[in-house]
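Shared chain: subunit A. Partners: subunit B in the first complex, subunit C in the second.
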Partner chain A sequence: MSDKNKGLSKAQEIYLNRLQRVKELKAAGKKIIGYPCVYVPLEMLTALDLVPYRTCGDIKEPITESDRALPSSFCPIMRTCLDCALKGKNDFLDGMVTIHSCDPQEKTARAWESYTNYPYFHFIDMPITVRPEALEYFKSQLNDFKKTLEAYTGKKLSTDKLEAAIKSHNQQRALLRELYELTKPSPPLISGTEIVQVVKALMSLPAAEGNELLTEVISEVKSRTDGPEEKSARLFIWTSILDDTEIMKVFEAKANVVMDESCGGMRAWRAGVKFTADPLEGLADYYINEITCARTFRQATLGETRKDYARDLQSRFGYLRSIVKEWKINGAIILLVRYCDPFAFEIPSLKDYLDSLRVPNIYIEYDYTIGALAPLRTRVEAFLETIS
Partner chain B sequence: MTKVVLTDKSSNLLSAIKGPTGPEHRQLANKVMIQALEQASLQIDDISCIVATGYGRVNVPFADRQITELSCHARGVSSLFPNVRTAIDIGGQDTKCMKIDNGRLTGFVMNDKCAAGTGRFLEVTAAALGIELEDMGDISLKATKKIQISNMCTIFAQQEVVALLSRGEKLENIVAGLHDALASRVAVLAHRLGIKPDLVLTGGVAKNTGMVRAMKESLGCELFVPEEPLLTGALGAAILAKEIYVKTVAEGKALPTKSRRLEKATFFT
Partner chain C sequence: MTGEKEIKTINRLESMHPLRAKVNETYLKSIEAIQAGKPTVWAMLNFYYGDPILKAMDIEVVYPENYGAIAAATGVAQQYLERAEADGFPSHLCGYSLNTLGYTSRMMKELNGQIPPEAPFGGMPKPLFLMSSAAICDARYKWFQALGRYMDVPVWALEAPTPGTKEFFIEGYYDRMVDLEVKHLRDFVAFVEGMVGKKMDWDKLDETTNLMIEVNRVWYEVNELRKAKPCPMHSRDFWSAMPAALFLAGELEDSLKLYQDMYKEVKDRVDSHVNAIPEEKYRLVFAELPPWHSLGFFNKLAERGWNFVVESFGYRPPIPIDLSKVSDPLERITRFNLQFYVGYYEDARKQNMLGNALAYPYLKYAREWKCDGAFLHPLISCRSASTHLPYVADMLMEELKVPSLSIEGDIVDLRLFNPEDALAKAEPFEEAMEHYRKVRKQEGFDW
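Presenting the complex of A and B:
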């Protein structure tokens, strides 16, 4: 039997009670800073000994409060995130950092700021293209962020501290990549559902503690004998956010999810931050160029989408080729959270690319709520029937 | 609706029963099964393999296998129309467009928003018009002009219907407009999948002649309708059950049958 206070059991415990550790840390005098998106450079928080805490929504919680601030036909993820905030679930936070990763998030940030009252609140503007000017602009935004953090903490954000923090977060990315290696065998050594728990635990811990947990999880999983069973297909899921085990279980009832390209999944861990003379430059480059979220548009050559579609697809989705091969994917789920425009725009091209790789795929739209999982189940099962 | 189809080894229909589902799936599944067995003069133990399908598929206590309605519809439709490549099923719960190759489901899309693209759209608006669902088709064939009605939302359409009535619009024109609204919505879904002939329309809505007319116009092509468009899912389930049986016997394996107990309903116990 595995140790209750270590590895997977510990990850599950934190997943089920995310507040426990941050509240202990707060009681010990640490400042806890919320963030809603993978694009917020956590390295800068860690460097100043601030504890990052991802403010998630809750698919089990009916949305009752956020409609006074946001339209109802709007990103359900942002609606549930703000709903939880308006219900006071994040009132323990010392601050909040939001970012213009997508338009709904930018608008939600404004509402969030008006309706809550944390001692510190900062919004980072972020360009959505990858041209050189965008990089310069984003770097200047990170510099502004640095100044407000210094003013809030009364401490200087030195290059040494920032480099140490980058090292720690890069280590977390490397460990996550190592964890995903363990889904390569058939059956995988760790299930998609367990990975959701581990990743959400990481979003509730300081980086160093997260790294410790990951090291334990990896060593436990490598030697485990109670891993997942082999099921009818090895699935890849492409989606925006997949942070609840109830959603993952819909897929894992009859298949093994061996790779998820979501913002808790591989998307955020694929690469690392490069060390540059000015660390902000490395950070700006990483967040604009390396995270493969649909909020950023990546043309092969600026302004040449129409000239060479195949090359353009390669530039936008090329990273999927090795995933399909190395993880032996035999089915891809394109899972769209309703009203998510940035992801919806990618779908026709993504389908073309997956077709070119000869990966059977299906596009499914859902509501990101526990009440809408029955139609999702039917679509997933029917898809599995077509590929088996 | 809950439906049962029993077939023999050559896929000949032995019995076919329909009954309204209601909240107690298990009770009705038992009831229609008993009726179907009576119709075919069979006992439950005479049945070699049972496949349950549809939203209630997990709740049929005597079924040996569960297969989604998409695979079952595809199989059922192709047994009736061997050249079918596209099937559209418009039911009360959802609308499915299916791509079929050699009798097998190879791709599908389903309505992903709400009631507006399904048969429920007609049920709700028929109630607002004070007419029976079954009469809508014949009424619409008398239409003299085209009326545009929103296909985005069932409630908006219902309000539009009330407004049209109060403006003195003729019933038949409104009903034809409703058919066009639903048909254009379903056509958008079907085009997302890609339409290849032969095309077959099933589900309760296929019984409505006005709707068949509207679908032909919206899709711009010919379509076939089976005699019993409500039964293709159950028929497909029966044929798949037969195929499972034949394959298992040929491989010399034991059938995955459960102990068959047609008992009084034990609702969620």
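Presenting the complex of A and C:
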């Protein structure tokens, strides 16, 4: 019997009641800062003893309030996130940091700032390319972010504190990668559903507490005897965000999800921030270069005057090759949240790349609501039948 | 409405016709040059940033966004949309993008790079390179990247800094945006030089830049005159005249002269109280692109006394800025481009309305152009251009007690706009405009 205050049980408890711990922290005098996207450099919050809290939506909650500000044919994730905020579910926040990681994030940020009244609100602009001038600009954006944080907290964000925070978040990334190593065996030692719970718990805790939780989870999973059963397929899921267990359970009913390339899975944790003389440089480089979101415009060679499709695919999706091999993937789900343009434009090219790796794949679209899960299940089952 | 003889109620500007004719003539000349084998670039609307570089390098440019509207209006778009969807692109993507993807798929996969015979207006030939832009929406750089599936053509993605409104006032912020854009543009020039095999004529770029800025200044002043009551120029003239300034279509020297003529005509109308419609009962702002296929609809509204006096911020010229002391043309281009994005910020700050930045231009228009209502035209497959409209409607009502009428349409799918339905809503909306006119008076507004 597992200890309810440790490891996977604790992660599940936090997942089911994300507010409990942040409210305790707030009662103890900590300031809680919300963020809607993994591109916000949490290290800078941690360095100033601020608690980062990812503001998520709710697939079970009908959207009503967001209609004031966002049309119905708009990113459902941002619509539900803003809806929750407008319904007062995030009123405990002391501040909010938003970022121009995609157009819906930017448009929603402006409405969010207008309709809410947190003591602190900051918007970070983000370039689309990985060119040197873009990196320099993004670094300057982080420097502005630093200034506003210092003004808000009345504290200096020193290099030492920032490096310590980077170390702590890098440790978290390394631990999450270690956790994903445990999905390599067949059957995997941890399910995709459990990983969703763990990652969402991490997004609700200070970095150090998250690291403790992850260490416990890894230790527990390594020695567990009640892990997932082996199922008919080892799936890879590619999507923008997958942060609800109800969605993951659709895939795991008849398959093992061993890699989740989403913001609720591996995407934001695959690498670490490099230590540079100016820590902001390392942060700028990490957030633009290392997070493999479709929003970034990548090329085989910067400013290339000749184009080659195969090289282009390699520059955009090449990181998937080793995943497919090492995790022994035998099926890929390309899961599109409707109206997500950056991901939608990638689909035919991603299919081309997966086909070149001989990975059977399917593109499925849904609208991030509980009502969309039944048709999703039908499509997934049909796909599993074709590859079994 | 199709088949009905259009009753032309709107008093169109005489000076619009030669300007529009020049734009059309330039387009035809461009097609001839392309057909004769001149290198062509496919470009996204980029708000005065990449265009002056291409113009100074004497490169023919086609805009697949515009071509999407042409393909839709001539009825060939449907086959391209279906083809793009069959190739795996989701149907809810931008209609212009699906049209281009389907068109390119047909051209490259079926016709070995030849222009499809059914393509209207001479079609779009295989380009030398693609110039995309991060401005306004994600689709406009992801779509050109996706074209790599069909043709091995290099892409340059133009950066477009998008500042937060209060963040913009952090010390040094504007200069850092300038720094990014100038460096980026310098590298872009080198890229273009490499692609076309010739060096930039910097004197020509200097001259092109100055003309671009001056053309837009005069065009801005034309629109300022529309604050007059009654309004002397209808939105239809705005849309007809817009491409010469927004896309730099045509020779800039010609455009400058023609916009100056337009200024004179509009000024004369203001001085002699000449109206753009027979009787101005309601003044409206039109938000987003109009239903190109149903422009006759505006005559019906003009008969009811609806005068459209101001349009979306995204298509209007930037607020004029003195750049005469900036010697580097790349920096001048950059500052002019940035003025498009941030030109309203200082004013919003003075009005203590920074929090409403997404809606601020519309609040300014409603206040200064004395609008009774807003006609919002959300475009189903152009999310980014339409996203802000519910918020704009909310803010117009909350801040200024100006009501909005929202009628959905699309940029490609013509079936999505129903002019009869829109006209059926006119009378109740007039009641709303009358009601809120009284409310504004009670609350101390001056219109």
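Definition applied: the second predicted complex is superposed on the first by the 383 of 388 C-alpha atoms of A that agree within 3 Å, B and C clash if a C-alpha of one lies under 4 Å from a C-alpha of the other, contacts with A are read in each partner's own complex, and residues count from 1 in each chain.
Note that in this section contacts are C-beta pairs under 8 Å (C-beta built on N, C-alpha and C of every residue); 3 or more make two chains touch, one makes a residue touch a chain.
Everything quoted here is computed from the prediction, not taken from an experiment.
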In the superposed arrangement, which partner chain does A:Glu365 touch: subunit B (first), subunit C (second), both, or neither?
both
Between subunit B (first) and subunit C (second), which, if any, makes contact with A:Glu385: first, second, both or neither?
first
Which partner, subunit B or subunit C, is in contact with more residues of subunit A?
C
Could you tell me if A:Phe92 is touching subunit B, subunit C, both of them or neither one (first, second, both, neither)?
neither
With the two structures laid over each other on chain A, which partner does A:Tyr319 touch: subunit B (first), subunit C (second), both, or neither?
neither
Looking at the overlay, does A:Ala374 come into contact with subunit B only (first), subunit C only (second), both, or neither?
first
List the residues of subunit A that touch subunit B in one complex and subunit C in the other.
338, 363, 365
Which residues of subunit B touch subunit A in their complex?
55, 67-71, 94, 104-110, 112
Sites on subunit A touched by subunit B in the complex:
338, 362-366, 374-375, 378-379, 381-382, 385-386
Sites on subunit C touched by subunit A in the complex
87-90, 92-94, 97, 129, 134, 136-139, 141-143, 145-146, 148-149, 152-157, 159, 161-165, 167, 170, 173, 176-177, 179-180, 183-184, 187, 190-191, 194-195, 355-358, 378, 380, 383-384, 386-391, 394-395
So in the complex, the part of subunit A that touches subunit C is made up of which residues?
67-71, 73-74, 100, 102-104, 106-107, 109-111, 113-114, 122-125, 127-129, 131, 133-134, 136-137, 140, 144, 147-148, 294-295, 297, 299, 303-309, 312, 336, 338-339, 341-342, 344-349, 351-352, 363, 365
